[in-house]
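The same chain A turns up in both complexes below, where it pairs with chain B and then with chain C.
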Partner chain A sequence: MSFFRVVKAELHKYYVQQFVSYRTAFWFLVLPFGNGLLYYSMYLPFTSTVVQFSWLGHNALVDIVGFTLLGQLLYTFFVGVTLAGSAFDTERVQGTFEAMLLTPASRVAILLGGLVVATAQYLWLIVGIIPVFLFYFHLGIAVADPLALLLSLFLTYTALTALGLCLEAFFIQTRKGILLGTTLQEPVALASGVIVPPSAYPTQIALLTYLIPLTLGLISVRLTLLAGGMLSEVLVPLATLAETIAKANGSLALF
Partner chain B sequence: MSTPDVKTEKLVRVYESKKRRPIIGAPKITLVVAVDNLDLEIPQGELFGLLGPNGAGKTTTVKMLSTLLTPTSGRAWIRGLDVTRDSQKVRKIVNMVAGGERMLYYRLTGRENLNYFAELYDVPSSQVTRRVNDVLRRVGLEERADEEVEKYSKGMKQRLQIARGLINDPQVLFLDEPTIGLDVDIAKELRAFIRKQLVEEQGKTVLLTTHYLAEAEELCDRAAFIFKGKIAAQGSPSELSKLIVPRVTIELTIRGAAENEIRAFADHLGVKTISVESVEDDPSHFRKRAILDADSEEIIPRAFEYFHARGASVVSAGLRQPSLEDAYLKLAGK
Partner chain C sequence: MRTFLRATIGSARISTIIYWRFFNWTGFALRFLSPLLSLSVAWILYNVVYHQSTSTSFKGAANSSDYFSFVVVGSAFFVYVVSTLFTLGRVMYWDRAQGVLETIFLTPSSVLGYISGRMLSAFSMATVDLLVLFGIGYALGFHVTSFNAPVFFASIGLMVASLFGLGLIVNSITLIFRDRVNTANTLTTLILVFSGVVAPLRLMPDWAQRVGAVIPFTYAINLLRASLLSTESGSVNYGDLWYLVGLTSVFLLAGHALLIATVKTVRKQALYSHI
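This part shows the complex of A and B:
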């Protein structure tokens, strides 16, 4: 059984279904710009130029545009992987879910196909939105430890992907996927510092936000990409992300 | 003796039925036995009907056999492969078509739907186009293959479903109420397709669930009645009918005999008289129509002799064998 044939078939299916009209394609391409401006403007009441960023005793001042842009980047990815699972609800309603499960196709390939599609918007964010923001806002990048940056990016995306696959596997078992997927979005956006600076929270609540892989990923990527953070400064979040990946892979093996 | 294509042994499926409470309070959970110790054997190339009312356990049985549901207990095999332990292998050789307009992607074209499922069934890449064209031709959808499914009529959607069911060239096909909601002529066309193409030409084993008894009578080699998850009887449609309703209905038109003479004939043979009445278009009431309930058709020649000896004559004699519907109604206690 060709794993990638299934992923490709899923991609094609979702692509045809989602790009049914120019209107859909237009909003798909334009909405992320609007979201970017929204996240940026939500930070403005707190600061208009730089964000005071602290993590385990390390303090840094980070450019607000870069800070919110990275937040949008990773949050969109998180939402994409979360909603990928809830897409099974639609399949369930139209009866195609059963037709899909009747086939001998790899279940993980089906999940991965959905995940890749869900992050398509994310790809546009990278190739379409970031360059605009970089160019227009003269986004400042400060990388002092490239290895730390690479590790941060790799572990963050892997952890979010693994988490997304787990959520998809879970959503297959329930009929409340869309509800759960949507319910997760806002608290995570708030807690991870995407729309409000983490420093705005009381300490106890801020500590709770560290339970979310997205928060840890954002800390390490923001520190290493925008504030010249070194590996020693991001070891704790990276180790926690690695643990998340291991746990998620264990859960997927059960699926 | 060769291995049957479908076999079940004491197959059981129990559901948890949750009764919702308004807003607050845990739902009330009751256990429902959907399939209860089901034993079934379907040899290769047979068209077997599973008949019963709504909620009898037909679809649950099909779902267990097609690996969509895990049995609560008992076992089931498809061509010797256990549906639970060898589910991945079973999925390669079975497919299921359900009635209604589900199991299709409406925003994809008919061809795109089939291409998608061909990929999921791992049909060799070099054969996908040929296989898709072949099944489209077989269901008569070649010309509309590149239109979106949402533009299809109900009958076309059902035919596309059949095409989807054939895309992996399954050895065993489950048809779950395939003609439900279809126009009479489309349903008839579909039945002919199932019998001639799928079973007689391609030798596929088909398990058909339906509550249209005439459909089962027309199509099935053998059938089983299922009530509340249990098989009540099984055999060929005629065997089932005779087994459950062992009597025949005989209609005689007799000229020159009075009603009491006809009733006397019936009493003489120990046959139950259902009715005796004058033929409507005979104002002289010279001809009578008698409907008798008998063990067999043997009383017909005896009726000819009996009335001939008494100066009367049997003008016509008709025989109505019990149908599956009669058998069903009797089993259902209606």
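This part shows the complex of A and C:
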């Protein structure tokens, strides 16, 4: 069975079942929009409208609108891949999991199909939220190095997808995939710098947060898109993200 | 009246017994993830990122410069909203799923009493959550700077009544549309964002203020904060009290009307089956 036919079939199945549903609209439009506004409003009581964050000696001042928006954009993708990671739980509950594993379809193709779905659902967010923040809240963009920005976006999304593949492979070992996927959300949101910059934490804790690919992705995308960061400034997080992707692919071979 | 009270007490008792029978610590702890996230973010922003430098517009709107205490009060009382939407708002939905809704409707007991009992039980459990959150808040630096008892108790009473009305409305929606989580999730998000739980509504865009103006919880939380956190005398806005009374009446009337209509529809169209 062709690898890509399996991916396509998974995509088609999820498209028919979930793409145009209120559940998808909630997770990929209503909730990120609400959270974006909520966390943006948490900055309003203070005297400054910029956030300072640091990375390996580089300091950047970023407007709270862009800071919040990028946080929500990447965090929603992370939530999407963790929810996709718990998809096998749903198959098990429906009683279709055994049949799925009995087919000659590639397991990695099935996993990848779920991740492609998570990416497709992300379109709700892109279409619904970016224009609002861009035009209504006047998002300030400062790109000095387009290549650095492209690399940051590519490596961040790829690293998060690789993380999603690992989570899918991990969640299958337990019957608590949905619970784990949901439980991960708030701690990761706090630790990774979605809402507050990790540089606000004590150094030892901040170093631990760099183990989360989302933290590195947020640093590199925020620096290159909002603070005019150059490739040399984000080389370390980008190299770490690339390493994460390689490790994730290596670990999948054991699955 | 006696039947109503007996139905209320019986319903509350059964609901509480079932809650404790299936109580688990994991579920209990998970309930605090979202409010703990708000408290943590508020604490970090207030103490670490901005070193307690709140703006004059915040001080004017909140009658206090203590942003962390502001968020503690909002997040702590928000547990009643969550309880309303996820417990009270799905009472009949889950009873139908368990196959007991038809039996309940066959008894001569008051339906309003039965759902009031569930509300009593749900809000009692939410009070435990409230106390835990206040405890965590105290450990992190929450300060009560005043206590205006009449305003505090009037706000609590009106908040509970308005949320009961909202719960009745949501209960009808979830039952008729067979909706397990979408209504509860959406309304929880809307109320969290637009009722000033983490920032004064006055600091938000005009359109957001207009949305917040029709949510009774907005006024309840304003009054609760004024009764607990004010540093100036005369900081209670009695206009909020009248708006809260008005909106509570509207929500209670709408909720009661919808409850009657829903019971009639369920009986006439035999919608007792979960399938």
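Note that in this section the second predicted complex is superposed on the first by the 228 of 255 C-alpha atoms of A that agree within 3 Å, B and C clash if a C-alpha of one lies under 4 Å from a C-alpha of the other, contacts with A are read in each partner's own complex, and residues count from 1 in each chain.
We adopt the following convention: contacts are C-beta pairs under 8 Å (C-beta built on N, C-alpha and C of every residue); 3 or more make two chains touch, one makes a residue touch a chain.
Keep in mind the model is a prediction, meaning the values are calculated, not measured.
K.L.:
Using the touch definition from the top, say if A:Thr183 reaches chain B (first), chain C (second), both or neither.
P.N.:
Second partner only, chain C.
K.L.:
Tell me the contact category for A:Thr96 with respect to chain B and chain C: first, second, both or neither.
P.N.:
After superposing on A, A:Thr96 lies in contact with chain B but is clear of chain C.
K.L.:
Counting only touches as set out at the top, which of chain B and chain C does A:Leu44 meet: first, second, both, neither?
P.N.:
It touches chain C, and chain B stays clear.
K.L.:
With both complexes overlaid on chain A, does A:Arg107 touch chain B (first), chain C (second), both or neither?
P.N.:
Touch partners of A:Arg107: none, neither chain B nor chain C.
K.L.:
Once the shared chain is lined up, is A:His58 touching chain B (first), chain C (second), both, or neither of them?
P.N.:
In the superposition, A:His58 contacts neither chain B nor chain C.
K.L.:
Of the partners chain B and chain C, which touch A:Val16 in the superposed model: first, second, both, neither?
P.N.:
The answer is first: A:Val16 touches chain B but not chain C.
K.L.:
For A:Lys247 in the superposed arrangement: first (chain B), second (chain C), both or neither?
P.N.:
In the superposed model, A:Lys247 contacts neither chain B nor chain C.
K.L.:
Determine, for the superposed model, which of the two partners chain B and chain C contacts more residues of chain A.
P.N.:
On the superposition, C touches more of the residues of chain A.
K.L.:
Intersection of chain A residues contacting chain B with those contacting chain C?
P.N.:
Looking at chain A, the two contact sets are disjoint.
K.L.:
Once bound in the complex, which stretches of chain C touch chain A?
P.N.:
Per the stated touch rule, the residues are 30, 33-34, 36-38, 40-42, 44-45, 48-50, 53-55, 58, 62, 67, 70-71, 181-182, 185-186, 189-190, 192-193, 198-200, 203-204, 208.
K.L.:
What does chain A use to touch chain C in their complex?
P.N.:
That would be residues 22-23, 26, 30-31, 34-35, 37-39, 41-48, 51-52, 182-183, 185-187, 189-190, 195-197, 200-201 of chain A.
K.L.:
Can you tell me which positions in chain A touch chain B when the two form their complex?
P.N.:
Touching chain B from chain A are residues 1-2, 5-6, 8-9, 12-13, 16-17, 20, 94-96, 98-105.
K.L.:
Across the complex, what residues on chain B touch chain A?
P.N.:
Touching chain A from chain B are residues 66-68, 88-89, 91-92, 94-96, 98, 100, 102-108, 112, 115-117, 119-122, 125, 164, 168.
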